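For reference, the structure I am asking about is given below.
As written, the chains take the letters A, B, C and D, and residue 1 is the first residue of each chain.
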Amino acid sequence: MTAPTKEQVGGFLARQGIIVAFVLFMIGFSMANARFIDPDNIMGVIRSSAILGVMALGVTFVVISGNLDLSVGSMMSFSTIVVLDLHDKIGPTLAIPAMFALTLGLGAFIGFLVGYLKLNSLIVTLGMLSAIHGLTLTWSGGKNMDIADKEGTWFKVFGQGDALGIPVPILLFVLLAALLGIALAKTPFGRKVYAVGGNATAATFSGIRRARVVFICYLISAFCVATAGLIQASRSLGSQNTVGQGLELEVLAAVILGGASLLGGSGTIFKTVIGVLILGFIQNGLLLVGLQFYVQFVVTWVIIILAVWLDIAAKRGKLWSPIA
Amino acid sequence: MSDRTPALRLEGIVKTFPGVRALDGVSFDVMPGEVHALMGENGAGKSTLMKVLGGIYQPDEGRIFVGEVPAVMTSPLEAKAKGIVFIHQELSLAEELSVAENIYLGELPRKRFGLVDWARLEQQTNAILAKLRVGFDAKTRVGDLSIANQQMVEIARALTVEAKAVIFDEPTASLTDAEKVVLFDVIAGLQAQGVGIIYISHRMEEIFKITDRISVLRDGSYRGTVKTAETDEESVTQLMIGRKLDLSRNEIHHALGDVALEVRGLSCADLYTDVSFEVRRGEVLGFYGLVGAGRTEIAETLFGLRDPSAGQILLDGRDTVIRSPAAAIALGISLVPEDRKGQGLVLGMNCRDNMTLPQVDDLRAGPFVAEGAEVAIFDQYRDRLDIRTPGWKQLAGNLSGGNQQKIVIGKWLSMHPNVLIVDEPTRGIDVGSKSEIHNLIRELAAQGYAVIVISSEMPEILHVSDRIVAMYSGRIMRTFTAEEVTEDKLIQAISGLTPENVA
Amino acid sequence: ETMTIGITQNNVGVDSYQTTYEKAFIEAANANATVDAVVLDAGGDVARQIAQMEDLIQQEVDAIIIWPTNGEAVIPAVRKAHKAGIPVVVTNSNIAQAGFDFVASFSGPDNINQGARSAEIMCDKFKDMGIEKEAQVVHITGQPGYTTAIERAKGFEDRLPEVCPDVTVVDTQPGDWNREKSQKVMEAFLVKYDDIDGVYAGDDNMGVGALNAAKAAGREGIIFVGATNFAVGYEAMERGEYWGSIYQSPVDDAKAALQTAVDVLQGKDVPFLNYFDTPKITQDNMGDFSKPVF
Amino acid sequence: MQPGTLSSFLKRGAIWAFIAAELVFFTVAGEFLSVSEKTFMDIDNMLLLFKQSAPIGIIAMGMTIIMVNGNIDLSVGAIYAISAIVLLDSLTWPVFAGLGDGVIPVAWGLALLSGVALGALNGLIVWKTGVDAFIVTLGSMLGYRGLVFMYNGEQPTSHLNWTLVDFAEAQWLGLHTSTWFLLGVTAAIWFLMNRTVHGRNAYAIGNNRSAAVNAGIRVGPHMMINFMIIGFLAALSAVVFYSESGSVNPNDGELYELWVITAVVLGGTKLTGGAGSIVSTFGGVLAIQLLRKGLTHIGADTETVNLVIGLILIAVLFLDRQLNVKGKEELKV
């Protein structure tokens, strides 16, 4: 039954299939609508992808370590609401570190449950998705949170400012991506993340403290979420309680598009960034072509499946699965 | 024999993986009622060849004949339908299911409407289990069985169908002697029914005991077939590794140093009780016993993977509490675990990274991993242990079983430990590498390491140890010196027959 | 004698409107010594809302107020209450016609009318500016499938051609009552269309999201009109960035619903469609309105 | 008793103990916190509990099979919505105009068929491409939802057929129609998993996929059948629910996958596959519904509900783990 598409998909395609797909995809949309490659548009897409992107960086660590994080959307709402609320109460200089501390606290709690107590991450973060939402509603009393003085605050620099002609959200994204990318690829810690995700038992037998590695991955994820919350809050200077709702799945989709295996042990920051950009450009491209928003859903579906399929097909050298 | 039709015949089988020519034109045949040994070094291609036969891999070239009929097998199901039964090297069981369901996996007896015929299943299973003389029944959950019993379940599968050929890929790796006897009876029974048997093993004594002919593979190519009765270990070995093997004990004379590790009255739940021993620098201490005697559990305790319920561990005379492998490593203890795939390797990681994993924190250039130093370490141990791989970038999961084992050994040797514990170090390793590893163990001792070797193979234990601890059911029965030990005494001690002679 | 009134709301906590509504409702119930209130929230889930209706019927409350998650799906549940002899008052967003027989009264804003009024606000402004002949408008709607969103969109799109036949609505996308989503949609609109003169958003939350996008892209002179005037919208109007909206108070909404239920229970005559007024608010007349508390 | 029986008994018992604890808690708390005169344990309320468990419960039975099989299905909420649309829309199709109320079984059939087809598509992709089910169904969760919207724009799809509503609201032998469906599905799936070759193979596949492959079990078709079953059950759940409510929003059924998975995991099914019990899943479903209902009963507000449900989920997971630790026997990894 398995059609023998025996010929090896070239080594380059095997490793860089997602990039090839990305380039083809960009060319396709540019031909459909010239505005698509307008530098302003591209900048705009990257800027609005920055929030999703920053979150995806952290989730990449979690996924490579062999776990999931479905609480990032809910946690991002929390960070946003908290920093906006504290902005007017204790001023931005204190509000930002306070918000980071609280968000990291949540990350530490999840990291403790998944790392040290060894609870299943899918269920823990599903539970936390709900619990943190409850926390956010309690904090805000269910109301929208807005900064009173929207014109005067320097706080808006994170979401609206420019540095060297580049929007600050993009700078933050790129900076964080570079930092975390190097940490993952080049440092002993990064190596341990791959080992823990690849085979937790063998990692433990090699003297790696699995619990600590997982714990730190969740801290990194929380740090990224806090940064995303900061950008979000600063960008709109006001927010609803549900601002991050549903983002967890988009983030996961981006990480998967980047080729990280949900079983853990594989994936890179660079590919995640590509995954994020693909999602951002799909959304933008379809809007430009004038398709309804729900067509995005269908297209994203097809692209995710195709991307992952081709990725593993290249690895196994066969298009069709060998499953009988 | 040649006037009869072979039960199974292979012709010019070629199979390549990316970067590896695993099989390069292999041909051989198995007669009905014959036990045909397939031998070769680690990575020679034995398992791959059998997977081709079993329908798991498709050959790139070549043909397979079952009887006189050419057979194309695109799935295990088809292979089974053609009468080829495959007992795998790695356990291949569903732990949550019952023994009966495992034995009849894929072919549960049916009633109408796709219902399972439990009554028939149970009756058939119990009939098979009776033949195997095992102490469990059809409804036992497989996960609750010992590894050896699980292996017996695996073997029981050979008896469920009208097989033309049965393939055993290293079936005895985790069996006790008593179970081996049962297995050999089973094989003899199959033989009597005219079934052709392919038997893969690295254990010469078994090969010479039960097989009729021996075929040898080297580096994926066929090196010839000999009649077992007309050959001896030495010439088979030579055929396998292409040179003569020096089997003499590497007797470098050296003085024993201080006591590196001492254990006093150590107990852990009901796994082992009141265990005391010491290892000196320069000494190889062997642990011998049946599977389940508690040797592995002691090693795991010393490596911080279990908390003892009583007793003391002294390192260089200092009372020490070891809470985790990380702590054990920091104290200079290394453990080569018994399960290479589960505990030894990250299969999806490359060979180099696997080898340097425990010391990745120390191999640093600034905040980064010093990859150059890693490659150097890998190269050093690849040469020393003769690891067959296209390069350090190969994923550990793509190596043959024996080469995987060597990576694990290299990983712990490169830590230069004070105390090196090796648990079944040569399980699944070919004779050439085996003696290489034995020499290495002796050499390490000579360099002043304290080495603990756990093994279920008597020749191995006798060959490498300076002293031997015999264990039975969680207790030390006796400790022998190399001079006083004999095979008989050892067997007596590990069968629990001499409880009064505690050393 | 006290009366027990149960309310099942749509989705408290997603926005300030619903939260303020709930607070106001509880306050009003507490202030009324003869009322015991059971306050429930369906979390936007029809199934949960129907279950809550069943629970309230089983608890034998005296009257039920429902803020429907879906104007049609709850009709059988409403009929059940009706059959059990419990009067039902629909609040904020009406149920479909087929269920009118089982309902004592509807209390809330007239959303179709609100959409129409927003169209008028926008058209009038275009006429002031003299661009009513060529103006191009984009439309950001609320949560797809939600009655209020559908009705406002319909009101707007039916009314606009009547008052300003030459204005074109060039694109419509949902913003899900969500400021961030709306901002994204607007960003894409801005790239896609060089010439946008007006934005109509189904509520001010989304309107302000669109405004943020326009500001970030440096596009000026766009007329923003929303609905349900939120505090952020009001402030943006003060700054002169946002033109107009519809003034709708959740406090009025909640009080009206409770009062309607009480009136029904006391046997008073209540009109079947009990709309409370939701006037137009623009930069010109905003002085007449206090800043919304939500 | 065989080894392991005691621990598995404890494990299975845990969910029922949890349900008992919930009942006691809400009954007592209800006395203080609820304005209603009726107690929580009121018989009608318990009957409602079963009825209200049906939409999630029916799908949870399918999810148990899928998870035992070693997969997961995140697209059930979207399949549920599509089937509902097919059900309600087909009631109004002119081709069936002549049938009168005879259109009802036809509409049911079409809805169930759509569910099976969508499930089959998931299964086929998982089978043929070898992409992990989590990813495939994460994708189709989006894609199918897109189809929902494309079917009828952003409008709800509605059709109230009072015959249908009356049937769905009816009570037989005291139990609601939906309760009967839930019980029937539970029994059928229990039978399937414990008595048929297909069910036992599903366990084998989830337990050790390569062992199943080596034994010649055709993993692909088994997985596909299971995806078809869960598709069918998601559609059945929609049929049961929307027969009574008559209108579907395009975003209905969102987050259902989370509730369903929660119920299944509460019931002790392993996320890694190979182990799980239908009866315990039934317990998990009741436990979840009881929690939601109980919190409503004592008048908890939205934030509390979210907080409590999230933390309870984690607490149960923790307890489950504690019950399953083999004590000293377990390695510290």
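Assume contacts are C-beta pairs under 8 Å (C-beta built on N, C-alpha and C of every residue); 3 or more make two chains touch, one makes a residue touch a chain.
Since the model is a prediction, treat every value here as computed from it, not as a measurement.
Q: What chain lies farthest away from chain D once each centre is taken as the mean of the Cα atoms?
A: B
Q: Centroid of chain C to centroid of chain D, CA atoms only: how many Å?
A: 34
Q: With chain centres taken as the means of their Cα atoms, state the distance from chain B to chain D in Å.
A: Those two chain centres are 44 Å apart.
Q: Approximately how many whole Å separate the CA-defined centres of chain B and chain C?
A: For chain B versus chain C, the centre distance works out to 71 Å.
Q: Could you pull out the residues of chain B that touch at least 2 other chains?
A: In chain B, 75-77, 305, 324 touch at least two other chains.
Q: Enumerate the residues of chain D that touch no fewer than two other chains.
A: Within chain D, the residues that touch at least two other chains are 149, 213, 218, 302-303, 305, 332-333.
Q: Which residues of chain A are in contact with two or more other chains?
A: Only 137, 142, 201, 204-205, 292-293, 324 qualify.
Q: Would you mind giving me the full set of chain pairs in touch?
A: In this structure, the chains touch in these pairs: A-B, A-C, A-D, B-D, C-D.
Q: Any idea which chain D residues touch chain A in the complex?
A: On the chain D side, the touching residues are 125, 127-132, 134-136, 138-150, 213, 218-220, 223, 258, 261-262, 265, 271, 302-314, 317-318, 321, 332-333.
Q: Which residues of chain B touch chain A in the complex?
A: 18, 74-77, 303, 305, 324-326, 328-330, 335, 337, 342-349, 353, 357-358, 360-361, 363-364, 367-369, 411
Q: Chain C touches which residues of chain D in the complex?
A: Touch residues, chain D against chain C: 35-38, 42, 44-45, 48, 51-52, 55, 149, 154-156, 158, 160, 165, 169, 241-242, 244-252, 255, 292-293, 296-297, 299, 301-303, 305.
Q: In the complex, go through chain A and note every residue touching chain C.
A: Interface residues on chain A, with respect to chain C: 35, 38, 40-41, 44, 48, 137, 141-144, 146, 150-151, 160, 232, 235-236, 238-243, 283-284, 287-288, 290, 292-293.
Q: Please output the residues of chain B touching chain D within their complex, sorted ascending.
A: Chain B reaches chain D through residues 54, 56, 75-81, 86, 88, 92-97, 101, 105-108, 110, 113-116, 139-141, 143-144, 268-269, 271, 300, 304-307, 309, 324.
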